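Pasting the structures here.
The following pair of complexes shares a single chain, chain A, combined with chain B in the former and chain C in the latter.
Moving on to the complex of A and B:
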């Protein structure tokens, strides 16, 4: 007699959907959205810094003046005017290209998805930093890629480790489809590659004839000096560049872009049309009008200053509160610091205690495809106010102290084996409630 | 009638609770079309609303701490607001797995101990663990003394697994239970208590595809196979139903509860725990039992609501 599995299609799903299941960690994040909790978890841009009245006026003008276009299907590649404007923005990180090589996407996440769809068959290898962006790992997993992590040092992706990984892949016959990197203000590590480092990485990629997928959502959000030059600025044939308005305007607009070599671009447009027909015209025209009518450069400065202040609040609080043995990266831009806990603490196991203490973070294992990162966690400083950041770090430090106390209590626990009775056979149906 | 469907809360079962709230609210729309159904979260605003006659009755679907212990229910009792389910004192008894195990029919709870972390710290964990493992035997189950959804629960087949399991379990609460593992057919028995008569619905048999009824198996559709009624002989099914009603009554529970048991290969019934705000999600056990009994979730809850306000 068959029982009820509550899903009549459970045996029909694709293999790639096997990982799409409920998880206790994901459920814990439901608490993080409550105002009582200081969430240092999500990477939500602080959109309250925008002038919402001005945005309302812009959106109204889009509908009033361009309604028949804004509310209609559009080009699969994206609005031509916006693509011109995107090149102006990309020029700030040294990217020079032609509007024909730009594909507008529903956030750069869609660009990531399209590039992977176009390049990767199941089992193909992609090289990623160690750790890497959780959203990218999700895409690579969904296309059943073989994800290989490559070590980073204080300046991001380690060229020597990259060379070794490419060499090993070559000798083992693996097909490496691209190197995925976030060179500026890395998510989650908070690290930035210097120009020389970018040149070294590019030279290695060229030597092995492997393209680079450069993800650059934070490039304009540095706290000091000029924005780092994109790797794409050094090579327009071997680098596919992902950009986004999510952090420099607003994530809710869902507008990003890909700048790709001509052949790749052709395929991306066709793949984009198959996926969504076209990006939202309304969002594109809103962004385009914002860029043409507003002082967006000044708005980026506002964001830079706001995030710098929050970064400082985080660093000062960690310096003041964190227990001995805890270390962290010092980001020069972007949203994140990467924390390493005193051994042998496990950030995933610690999360329920943190949620009970009304502070949330993202455990490090989420940023690896292979189970690494248990002693790490990512802290985001982009969304909470500075005083809340300090309070969150204070709470987190208390959680780490409590966890250290637990480890001290049980870490050295050894049972007397002579007192251990024989183990009975295990039936999986047990009192696990 | 203004009915507050209370779900959410601030503990690790918030997401499950929100799903329970949505499911019950949806079901009540059909069966109580004349009522004003208000989905509310447990927050300061809700507590303020208790001072202002905002609701005629509350349906508490907060799982875990605050929702299933005495906290929320004592607030509602204090304010004199009718609510579905067990009162504060009986909920407190049921929510603490150790206390509940001590009150259920003698000999039906597997041997256990329940300790706070401070006891291990002050007395020395190795000494205590040696004594506990020797006394209870292996395999044993380590679980937080309160809370649900299998969070922080681990089966330990070796002595070296016990300390790491305790570290995990203490992440969910200050007291932890170490209990002899029992094996057999895992069952959930819903008890509906209307007009002074507690009735057990058909027991739901739980067969996780992956072998363990953990969080993933509980809340991923397709990850567990259910048989309702359970594939047991009629006599055993009757004994299980009678047992569940006796647990409901001995703990002084009201309206609705879910008693979880294991029936071993000898036909022995073992008590695991009882829930006073059982899950009502798409993959939860109580809705399956209600449907197997030929009832509807909305009708059962509307009956309980009208009983609460009488």
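Moving on to the complex of A and C:
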């Protein structure tokens, strides 16, 4: 028999399954999911801010009044009424479209998966920000894409670097299938593209005739002013837009959407039917009824206020506790700040010591496909209470201080003896409480 | 600009997307979804048999009492309590396993997709029954598999044909990744493997060292006696088992599961996280609470009784109305009977005339990857009331009679002028009411 005693089918897997290996960090997170650990790791929305009694009534009404639909298979493309409501929400970031070009998915992650499945053959290139969303990297790896990181500056994706990357790909004959970007309140970088920047990026994409895959789960969670206009609001045909209810209603419903040019939409629906037949009517109708009966705009304001308070707690604590040489981004919305440690500290190597000191974060290497990011880490302020955030940062600063002391005493070799491999298949939820 | 005015990205798609094309039949079904049409096409469970008031209460309790979990992201592998309950249900078909080897999916279709993604490179061979489930064929096509149909006899998958197909693949150097089978109440064939047959098939799979992918959505919906023991009950390591709540609770929840050998399970969880991050906690906890608070065994008996009555209505009507030369299988459970028309009738070509006569079915070619099945069609008795089923069969028999008359008068060429291409990407729900 081929294979081995542990896995008799080890020789039977597809090539793409080679990329599906659990990381050491994953195991570490499993160990660290204890209540005494302050987790600044997970990107879990604070769903306790929802009125669960009202939400319970909505779910009950959906089953009682619309049970034969809610409990039944539905359209592969998603519920028609919900698709209209999705356009109302997407309109807040300037997106105009037709319900026929909306595809409802089991969370925005599934949209990412479907777009990649439809566009990418093994070896095809996708351009991503540097750093990029760990869950997107996982999808691209699972379809054997060639991931090329493009530099960011203080305003996100850098146009000059994008032009160079596209030019380089063109001259080397690589097939660039799309530019994946999170323009608003970037995960993990915490940066936001201004309108002018978005126009520049779009113009470059158009010049090279490459579509943009715009991932916008946080667009309505800005802390001041109007929500940034989506790149999709500037171009119907060149941008595939991913939206999500996970952060503005509840992630446990697993309802997201894609707005795509018509031809792409057609492929996506067929791919979606192959993947799951149809999205859950139970979840979709609950979202739909929530949107039609509740003051969801007010609820989004509640979330904005709550996350702003937590962002402030994080920034104040970093200002107060972080040792000199540590820097971080200042997010204007969303869930994350991106921290750069003083050289030569290594955030991956430091993680076990941080968890021993009862604080958790996601090391930067998880957000790169190529091993970069060892001096970086992502801090999430979305889930813990503000005082817990401050305490977590205080603990983390203590760990960094101790690492620096060690280096000053014994030299860098003591703390970082080996090159750090890229972190593979980290759970993007980094599921700690 | 590459592409065309209709789809600017037509040259950018992955090779696998070539298989994602909508069939003409799909369009026909869209036209035919009117209430006056008796649909014997769709495989939709009769969810109206559930007590929607009680189900509404359960959904409300889940949100009210467990809202911070139900509305939040969860484990990529699925809720731990639900995984234990799944083992209790799988135990009814003899499956013994550990909760750690269960992966919860957004419906059983997603399990099919993940297993194929993990095992199949483009060009790899999968063996399937002849005919096979249209949704599985869609998945296999989307991963560019080489699908080989293996003959069935009155007891389902034919061991001799299986042995020959495996031998042929071996001698031709094809990599057979798995044998996909629906042993109980087959979709679309309506056939069931006896225990001895299952043992023979398993022994052959073991001999050739090929895993079995066992799809068992209907296993608990038999019309008499104990549910058939799953092939998985005979072998832990050589069988990947797919289960579903769609037919025993409600399809709109989109909750299914995979029980897999440990090494396969590990890959499946990582692939599932890339695909959707995690299954819906909202749906999972609702299923879990339903299982713990309701008499689900009794509800399954209600479904069995209901579907048996409809099966009987179908068989009686076929006996009464179908013209000589038409034959059909007699299902002992599940949703479907497989009909063979008198030669040279063509079920695909006949469909527009059937819909004009206000009855719908799924033509047989949809259940083959290779263009077979033109004289076959699938009838579903799961959704319409018994008197509607009888009326639908009466109308269908009339259409067949008229076709036969036409042939007797003008010859076969008049009704079937062209070879019928395989039906691609038919919606497996064939979503007609």
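Here is the rule we use: the second predicted complex is superposed on the first by the 403 of 433 C-alpha atoms of A that agree within 3 Å, B and C clash if a C-alpha of one lies under 4 Å from a C-alpha of the other, contacts with A are read in each partner's own complex, and residues count from 1 in each chain.
Definition applied: a contact is a pair of C-beta atoms (placed from the backbone, for glycine too) under 8 Å apart; a residue touches a chain by one contact, two chains touch by 3 or more.
If you're wondering where the values come from, they're calculated on a predicted model, not measured in any experiment.
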- Task: Scan A:219 for contacts with chain B and chain C and give back first, second, both or neither.
- Result: neither
- Task: In the overlay, answer first, second, both or neither for which of chain B and chain C A:355 touches.
- Result: first
- Task: Answer with first, second, both or neither: which of chain B and chain C does A:282 touch in the superposed model?
- Result: second
- Considering only touches as defined above, state whether A:36 meets chain B (first), chain C (second), both or neither. first
- State whether A:124 touches chain B only (first), chain C only (second), both chains, or neither. second
- Given the touch rule stated above, what does A:6 touch, chain B (first), chain C (second), both, or neither? both
- Query: Thinking of the overlay built on chain A, is A:21 touched by chain B (first), by chain C (second), by both, or by neither?
  - Reply: both
- Message: Let me test your reading of the model: by the given contact rule, A:266 touches which partner, first (chain B), second (chain C), both or neither?
- Response: second
- Most chain A residues touched (candidates chain B, chain C): C
- Should A:405 be classified as contacting the first partner (chain B), the second (chain C), both, or neither? first
- Message: By the touch definition above, which chain A residues appear in both interfaces, chain B in one complex and chain C in the other?
- Response: 1-2, 6-7, 10, 21-22, 427-429, 431
- Can you name the residues of chain A that touch chain B in the complex? 1-7, 10, 21-24, 26-28, 30-31, 34, 36-37, 349-353, 355-356, 358, 403, 405-417, 419-424, 426-433
- Report the residues of chain C in contact with chain A in the complex, numbered from low to high. 1-2, 6-10, 12-17, 20-22, 44-45, 47-48, 50, 52-53, 55-57, 59-64, 67-76, 106-107, 109-110, 113, 117-121, 124, 135, 138-139, 141-143, 177, 209, 211, 237-238, 246, 250-254, 261-264, 266-267, 270-271, 273-283, 286, 425, 427-429, 431
- chain B residues touching chain A in their complex are 8, 10-16, 18, 43, 110, 117, 120-121, 125-126, 129-131, 133-134, 137-139, 141, 143, 148-155, 157-160, 162-164, 166-168, 170-172, 179, 181-186, 205-209, 211-216, 218-228, 231, 260, 262, 270, 272-273, 282-283, 288
